[in-house]
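Each of the next two complexes has chain A plus one more chain, namely chain B in the first and chain C in the second.
Then we have the complex of A and B:
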C-alpha cells in the first residue's frame, strides 16, 4: 500500500517535471543579468581567472561559508555519535610492493592537492576539490600501511586544530573585508592587472586555502571516526 | 543605514563560537562554559537591540538590508530584515538563550560537540530568517537539518539512532523538493534574489507557476510534519534530549513556518495559489492533520510522544489559519506561533526535569513526580492550562483570534477543529497531571537521598518561560505594533482594512 502510494506520488512528480522542462526548453533558458555580468566583468571585478571560483568565493562567498559549515557540522556530529576512543588492532597493510609504490606516489598526491587549492582561482579546482584529495591521503595511509600508521603520527587533536584553523581563516578573510572594504566577505587586495601571477585575487586565495585545509582535515577525521571500534565487553 | 552591520553579525557570531569551541576544548576546557554563556548573551543583546532601534518605538525604519561582499542583488547575496524577520529573529535568540542555559545543567556527555552543533543550529536559524536569497535559504535549511540530526540521536540508544536516521532521510527528502523548486525558478527567471523573483514570478505561464508551487508545498509539508508525513516528527521529537525536543518542536517548526510565510506570501504569487485548487487542498489537509495530531496525542502512552503529537495538531491549525489570508487570520496565526513556541518549549523543558526521576517516559511511570518539586509541577499545570486555552493565559487569545478568523470567512470546519483540539487536549493533559499528583505506593525509582543534579539554571529557565506564558497572555496587545507591521507586509496594501486586534 505504502509502496503503491509512493509510486503514484513519484510518477506524478516525474510527469510534472518532464512537462515543465519541455516548456523551458521551448521558451529557452533565461540567462539573467547576473549571468551576463559574471561572464563579462567577473575577472576585472574579482581577479579570479576561474569564473567558478569568482562566483563561489567572491560573489556568493556566503553560500560557501554555509556549505563548508555543513561539513564542519557533519564532522562534529559523526564524531559525537561514533567516537569510541579505540582503534581496531592494526592490520599490517598491503604487500611490500604496494607500500613502496605508494611511498613514491603519496608526495605527488599531496602536491596535486595543494596545487588545486593554491591555483583554484586560476585553473579548474579549488578548496573543496583540493581538500578532498588531501583527505584521501590519510585514507590511503590507512589502507596501505595499516590503520595505526596515520593515527599514531597525527593525533585527532592536531587534525581538529587544522580543521578549526581553516574555518577561522575563512571567517578572518571575511572580517578583514569589513575593515578594508566595508562589507563582510568583501574581496580585498584583488589586483587583476597582475594577470598570471599567483596572488591576483585577494581574499579568494585565503578563502580557498581555508576551505581546503578544513575539508581535508574534516574528511580525515570522519574516516578515522568511522573505522573506530568498540572493544568487546565494554 | 549604520546599524545594518548587525545582520551578518547575528549569523557569524554563532558560527565563530562553533568554530572556537573545539579549539577551547583542546587548550583550556574550563573556559568552554564561559565562552558559551558570553556568546549566547551577546547574541541575545544584538537581537534585542534590533527591537530597540527598529520597532515602532524606535527611530529607525524597517526594512533594512545588507549586501554581503558589497555586491548588490542579483550579483551577490543580501540579508534583509523586515517586521516578520524581526519577530522570528528575536524568538530564535530568546528561546535559544533559555535552551542553552538549560543544557548547561542537563547535558552530561560529549558537551563540546553538543555546543558546537547547537551554535551551528543557532547560526543557521538566524540565516534562514535573515537571508534574502533563495539558494542561500536552501543552504541554511540544509545546514539546519545536518546539524540537528546528531542532536536528535544524541542519546545513542537504538531508538534515538533510528529516530535520527528517519529525521535526516525525511529532512533531506524535503530539501530535495525545495531544491527542484529552486532549479525551476533559476532556469526560468535567471535570478535567485527573493526580491527579483517576487517582481517577475507572475510573468511565467500559469501551469509552470503551479508546478513550482507544488514542489515548495511538498517540501514544506514534509518539513512541517503535516499529515501524510507526520510520523517522523513524533519519533524524532520524542527521542531527543529534552532541550533538543524543545528546540525542534518549539523553535524549528516555527522557523519553517517563517519560510512558508515568506515564500508563499512575499515571493511566490499568492493570488494564483488562492485562485487554484492548491490553497483549499493544503488548508483542508492541514486541518485534517491538526485533528489527527490531537487524536494521536489522545491515545498516546508516552509523555514526550504526546507532546510531539500535540505539536502536529498545533502546527496544522496554524498552517490552516494562515492560508485563510485575512488580516485577522494572519494576526491570529502569528500570535499562536509566538505562544505555541513559548508553551511547547516550557512543556518539554519541564517534562525533561521530571523525566530525570522516572523509570521511563511512560505516563504511568510519572506517579508521584509532583513531590520532587512542587513549584515546577505547578508551573507545568499553568502551561498546560495555557495550552488548552484558559482565558487569562496566552493560548486563549491566539485560539480565540483563530476561531474568529475561521468563522468570519465561513470555514466552519476550521472553527470546529480549533474547539475539538482544545477539548481533546483537556483529557490527555489532565491524565498526565493526575498521575503526577497521585501518591506513589512504592518508593520512587531514583531515591531522593541520591542527590539530584544541580538544577538552579534549569528551574530558572522553566520559570522564565512560565512567566512569559502569563505575561504574553495578559499583555498580548503589547505585541500588536510588531505583528501589525508583519501583517501589513504580507498583505497587498489595497485590501488592508482597519485592524481588528486593537492598537
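Then we have the complex of A and C:
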C-alpha cells in the first residue's frame, strides 16, 4: 500500500515537471517578467557579456554586498577569537620534488586566478572564484613549503590591508554610482561600443576586482588564524 | 572522405580510454596502497596526455589546441607530484606499510 502511494506521488510529480518544462520551452515570456528583462536587456544595460556576473554585481548588487559583509564579519570574528601573535614552525614541508614542481606551477595558478577576476564580466568566473584560487595558493604554500614560509614573507597586517581595501573598493563603486547615476550601486555603463572589451566603463569590473582581492586575502587570514592555535611548535 | 587527422585523433582518444581501463582493473585487483597508486598513475599521466593530444588534433585550431596542450602538460606535471606526495606521506608517517614484498623481506635480492 505504501509503495503504491509513493508510486502515485512520484508519477504525479514527474507529470507536473514534464508539463511545466513543456510549458517553459514553448514561449520565452513565461519565464517571468524579471527574468525576461534580464535575459534580453542584460547586455545593453550592464555591458557585461557574462549574464551571471551582470545579475550578481549589477541587478542584485545589494545581495553581493551582503555576502561580502558576511565574509568580512566571519574573518573579523575568527581573527578576534584566535590570536595571531606568534607562529611556531610546525612543519618543514614536503619533499624537494614537490617543492620544485610547485614552484614551477605557482605562476600559472596565480595567472589563472587573476584572469578569472579580470575577465569576470566577459567569461565564466568572477571575483569569488578567482579570489578562492588566490587564497588557495597561500594555503598550499603552508602545506608544501612549511608553515613559516608564507607567514614570514607576507605579514597578516598586509593581508588585512588588502582585504579592507577590497571591501572599500566595492563600497566606492557604489558611492560613485550615487554621484554619476543618482542611486547606490548604480552601473554607469553608457557606451555600447565598448561591449565585450576588457576595460569596460562600469561598476562590474571594479566590483569584481574588489571582491576577488577581498575573498583571497580573507580566506588566507582565516586559514592562518586557525592553524596557529592547533599545531604546537617543535 | 575521412580525413587522416580525425583518424589519428580518434586513435589517440581510444588509447587514452584503454589506459583508463587498465587503471580501473588495477585498482580492483592490486592488494595494497602502493601498487594501487602505481595503477592509478597510468590513468593520470598517459590517459590524460593521450586524451588531450587527441582533442587538440581533433579541433586543429591554434588557440584552442594550444590551450588544451597546456592543460595536458599541467596534468602531466602535477599528477605524478601529487601521487609522489601521497605515497611518501603514507610511508613516512606509517599510515599504511607495504604488506608483501617489503624491503626487509627482499634485502638479499638487491645485494
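Convention: the second predicted complex is superposed on the first by the 192 of 234 C-alpha atoms of A that agree within 3 Å, B and C clash if a C-alpha of one lies under 4 Å from a C-alpha of the other, contacts with A are read in each partner's own complex, and residues count from 1 in each chain.
One rule holds in what follows: a residue touches a chain if its C-beta (ideal position, glycine included) is under 8 Å from a C-beta of that chain, and two chains touch if they have at least 3 such contacts.
Note that the structure is predicted; figures quoted are calculated from it, not measured.
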First (chain B), second (chain C), both or neither touched by A:70: first
Which superposed partner A:95 touches (first chain B, second chain C, both, neither): second
Partner chain(s) touched by A:104 [first = chain B, second = chain C, both, neither]: second
Chain A residues touched - chain C or chain B, whichever exceeds: B
On chain A, the residue positions that both chain B and chain C contact, one per complex: none
Footprint of chain B on chain A - complex, ascending: 13, 16-17, 19-20, 23-24, 27, 29-35, 37-38, 58-63, 65-67, 69-70, 72-74, 76-81, 83, 157, 160-161, 163-164, 167-168, 171, 174-175, 177-178, 181-187
Chain C to chain A touching residues, read off their complex: 74, 77-78, 81, 84-85, 88-89
Chain C-touching residues of chain A, taken from the complex the two chains share: 94-95, 97-98, 101-102, 104-105, 108
Interfacial residue positions of chain B with respect to chain A in the complex: 5, 8, 12, 15-16, 18-20, 22-23, 26, 66-71, 74-77, 110, 113-114, 116-117, 120, 123-124, 127, 135-136, 139-140, 142-143, 146-147, 149-151, 153-154, 156, 161, 164, 180, 184, 187-192, 205, 207-208, 211, 214-215, 218
